[in-house]
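Listed next: structures, encoded as structure tokens.
Consider the two complexes below, in which chain A is the common component and chain B and chain C are the respective partners.
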Partner chain A sequence: MNAFFIKEADFTQFLGNMIGARKVIGPKARKNRFVFDQIRKPEDLRLDYDVTILPPKKVFFPPRQELIRFHGQKGSSCIQPESTVLFGVHFYDIKAIDMTDHLFRENNMDFNYLAQRECTTLIGSNVQNIFKRAFFGSVGKGVAPKGHDGFTTKISGGYLYEVYTAKGKDLLAYGTFIEATEEQINEAREVNDSVMDKCPEKINHDSLEISEKVRSKFNSPVWEEFAHDCFSCGSCNLVCPTCYCFDVQDNWNVDQVTGSRDRTWDGCLLEDFSSCSLTGGSKENFRETRGSRYRHRIMRKTSYLTAKLGGPACVGCGRCSSSCTADIADPVNVINRLMEE
Partner chain B sequence: MSDKVKVAYFDFTCCEGCQIEMTNFGDAAFLELLNHVEVVEFREAMSEKTTERINIAFIEGSFSREADRARLEEIRERSDIVIAYGACACTGGINALKNHQNDYHEEVYGKDAKMPHLDSQIALPVSAAIKVDYNINGCPMDKDEFIRVVSHLVHGKQPVIPNHPVCVECKLRETVCRYDQGDHCLGMVARAGCGAPCPADGIPCEACRGFIDHPNEESLVKVLMEKGGLSRERAETRSRMFTANCRADAPEKIVSPNK
Partner chain C sequence: MACDNCSCSKVYNENIFMPKEAVIVRAEMATASEKHFTLKWADDSPNYFEPGQFVEASLYGFGEIPIGYASSPTRTKTFDLIIRAVGRVSNALHKLEKGDTMLLRGPLGKGFPLDKLRGHNILVVAGGIGLCPTRSLIQYIIDRRQEFKSFNLFYGARSPDDQLFLDDLASWRKAEDVNYHETVDRGSDNWKGNVGVITTLFQKTEIPNDTRVIICGPPIMYKFVLMEIDKIGIPHENVYVDLERRMKCGVGKCGHCQINDKYVCTDGPVFQYSQIEKLEEAF
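This part shows the complex of A and B:
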């Protein structure tokens, strides 16, 4: 049996013990939104969050990261993984982490990402409140969340804790868990199933159908139309749990000898993203118009990666829709409109 | 000594706040930098003046009198690289707020309005008079960005001047968007590089670094009205504080040297 129950009254003590023993990152309030951040007091953990501003991938792939530190021509790696419990991740973000795990592992392995990923214990939690732009119930339905070590679901009287790996099992030591009953397991399943059709937004077609149709619209004028109000601000990229592009630059310290090679998140909606140097000092931008950049993101989310990932590279979190000040980034509007054309 | 990069500082129409920001580096950092560069002219910190060849000229302040053109041309002539630093030099800055008005002489100087030394034209960026190689934006300019640019040049590399908007930097530090707080902001069109401190402090971005190369001004007005709750008139003029020369209605539209 790998399902356990902990009473509501014992949960705070469990969190307290875990925080005392391990570095724990979980959802926390920031003004009227939520962010993943280090949990230092049990009451800071907000499992009732709807969605966080940035996805939890930032734990393995920080927005800014030193890759190497150099001294003259000599460089040394800065990979310093830290054992971490990433607690309270919603299932859609677990799906996204599984995608970035795959993407950072294939071809050139990204050791910075993988080192931190490997020493992290990833624990999910059920969605207690649904974000106002979420559509996770209707996207990539065939893709199951995996790669996590455990999952908590709030049920009557407490929490069901499902353990999938040894790392997940280790956490049992911090609290008073008892074996869960069949009833409790069924209740948890129902809790998790029931949110699936409560999303405020819905995609009406199957992902394979979408993938083909959207691809066939490559030369359509709709892209410029969709992107008319676009600021090329990249917010839709930067908040996305499945986006993984970055830019690398060298920076010297004032002494002009030491410095670091740093990577920073980048995004295909930004004008300079696809600008490159050519021989002879000239420049070329292969996605010069707003429409072409806008199209590229939608293509990446719906079509280009589906074969590789076994489903769309979008998990329906709704972050892009809400972070777009012009409110034009919502994949649901774009996809449903294209499918009806 | 002689293999050090020779730098000189010049100022035009401005408050000289950026030069002060430069002296704010603190002794340690500034002295460290002096191991690699030799300052041959810097009015705010030394009295010497030169006519020798300069590797990097830093120009502060806007170009607001035709009479300054010759001095700017002379600087360009003897400098390998010209860098405009601070909002006034890069975009005309706050000085350019006068560009769409014509009664400011009387408003500000009253009976002295006609004095010859007060005569000036519209405020333009340095790039309106001479070729500028790089802009270090901001009001005041950011001393860390200054170090980054100088370091790249000392190493013979091309510095990267950001052409993405402030939204990027808010996202990187996970700031709650001003629009999510029922406020408004200019971050979507404002050139980044500052690290977005204002929205993080709960203040809308004022675009003190000017616009990105291709700001969507039409969309800005729309969002300021629909989400920010501004009247059409205010939405249309809201960005003018620092971008009078970057806006579509600028008297003489400027070209970013960073392209």
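This part shows the complex of A and C:
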């Protein structure tokens, strides 16, 4: 293994050098919460964050992205990736990025995502504080995080930096790293293992069992019961690191000649997500009820994608649980409930 | 800023959302709300689609919508699209005339499984605008008639005025090698044909149970037609349905077209009935 150690005292200088040379995005404080944003000063980087409001998917899949720019009826592609270091990503978000990588790559390669992904150096960091709604310790346990270039863990006296790829290795140039010792590597493993059973919430069953049982509960009254107070606001979709549905719309610039075809985040909980216009102004909404939309999201997380992804499409970050005004979005409650039926 | 960290500049001109230009060689209103466009690719590239596939048709500034090919790839020079005016994009496309350019992305999706249809009796059940995508198969069968056994074609429209492809209907009525049956939900003074929903045609025709069936129409039609299919005793693996769902990307990413875990845009729009009959969200 390629494992290195950097002393606490040298870490700030490392960050400073890296920020000077590269565009770095990492966790930063905003009011009393955290967000992924560009890091311009070493002290802005908050590796002690619990969870960010929005997941880091926005680096490759921004809330609004131009797909094509047009002038009259002539269009041009505008895929312009920018070399970026995405630093300090927790392992559950790395798992989620690996999933969206797969989904944007399968069948039809979508370079509107993949180009920026390719140009990004993805560096993880250990979870120092656990979010109050997290359950990453009990979901998709068989799925290892992958696709990242390096990983930092805070250990005694400094940080262990594990390097997995050439892109990860490049960062060594910015700091004073020394070869890590066996003890330091073991300490880092313990640090990372120890958070797994400290999550405040817990799913009680194995992912495969959940996948099958939840799927078989399609017609259960539980869906409408849970969704009874749903506002169809779609927040649970927007904050989710594995949600990647989008809408595509054309927008003119003020000149009414030029403009762009854009994609924007969309969500299956929104009322008209599956609605089709038919003849004579009539509509057919294929997921008409709140329960049917709520069910679709949970099915996507537990069952529909497991064959493709090799595990559940929920990484247990707890973002949806905390963003839901009605507090009904938490996958833990509905899954545990269905499993006990 | 270009990326200096990898070899991206070469690859990333490839954009799955980039449409190609097609030139309209004919444009005519087919009914009060449907416009029939005949097109060819502006760069003269050949037709290379399968019957049942679709395109995303667009105009910059208005948006993109999925439209099924309404002609067969055996007709090589041009292809047809029928667009019904229902909303923002379709109304904008309706303004286009002969000589104008339409932007198209495709062919997309999985079409009719010709390999599984060749050498068999065929029944096509088309309701309303469902005749447009199935016309790509109907023309194909007519052009390669010797490759198929008997060919029954059921078409139901809301009223005589809503009938599409009047020239085609006239020739199918006369054709000896097409058993064409039609009905309208509501007749009119000079309509002498059948009146009633499309399923009434099953009482008027003998359909052998070794027939391969293709169904395409408005969402409510499927249930009733599938009941008739069961009465005849046609196995579900020999039945194909062409489904419609809201679409945005057409390439299996945006999520809008999902039926449970299936994507209509990439797994369909044509599905073998036996493969989706257990999906709760299909019918």
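Couple of notes before you dig in:
By definition in this document, the second predicted complex is superposed on the first by the 337 of 341 C-alpha atoms of A that agree within 3 Å, B and C clash if a C-alpha of one lies under 4 Å from a C-alpha of the other, contacts with A are read in each partner's own complex, and residues count from 1 in each chain.
Keep this in mind: contacts are C-beta pairs under 8 Å (C-beta built on N, C-alpha and C of every residue); 3 or more make two chains touch, one makes a residue touch a chain.
All figures in this text were calculated on a predicted structure; none of them were measured in a lab.
By the touch criterion stated above, A:Phe246 is placed in contact with chain C alone, chain B being left untouched.
In the superposition on chain A, A:Asp255 makes contact with chain B only, not with chain C. The partner that reaches more residues of chain A, of the two candidates chain B and chain C, is C.
Applying the stated contact rule after C-alpha superposition, one finds that A:Glu106 touches chain C and leaves chain B untouched. In the superposed pair of complexes, A:Ala115 makes contact with chain C only, with no contact to chain B.
Look at A:Phe70: by the touch rule set out above, it reaches chain C but stays clear of chain B.
Residue contacts after overlaying the shared chain place A:Ser274 against chain C, while chain B stays out of touching range. Using the contact criterion defined above for the overlaid structures, shared-chain residue A:Ser156 touches neither chain B nor chain C, since it reaches no partner. Of the two partner chains placed around the shared chain by superposition, chain B is the only one that A:Ala326 touches, whereas chain C remains out of contact.
When both complexes are aligned on chain A by C-alpha atoms, chain A residues 249-250, 252, 259 touch chain B in the first and chain C in the second.
Across the complex, chain B meets chain A through its residues 29, 32-33, 35-36, 147-148, 151-152, 154-155, 157, 160, 163-165, 167-168, 171-174, 176-177, 179-181, 185, 187-189, 212-216, 218-220, 222-223, 227. By the touch criterion stated above, chain A contacts chain B in their complex at residues 30-33, 35, 53-54, 63-64, 228-235, 238-239, 249-252, 254-256, 259, 264-265, 267, 270-272, 290, 322-323, 325-326. In the complex of the two chains, the chain A residues touching chain C come out as 67-68, 70, 72-75, 77, 79-83, 103-104, 106-112, 115, 118-119, 121, 167, 218-219, 244-250, 252, 259, 261, 263, 266, 268, 273-279, 281, 284, 286-287, 296, 299, 303-305. Those residues of chain C that touch chain A in the complex are listed here as 1-6, 8, 11-19, 21, 33, 58-64, 84, 86-87, 101, 103, 128-129, 218-219, 244-246, 248-249, 251-256, 258-261, 266, 280-281.
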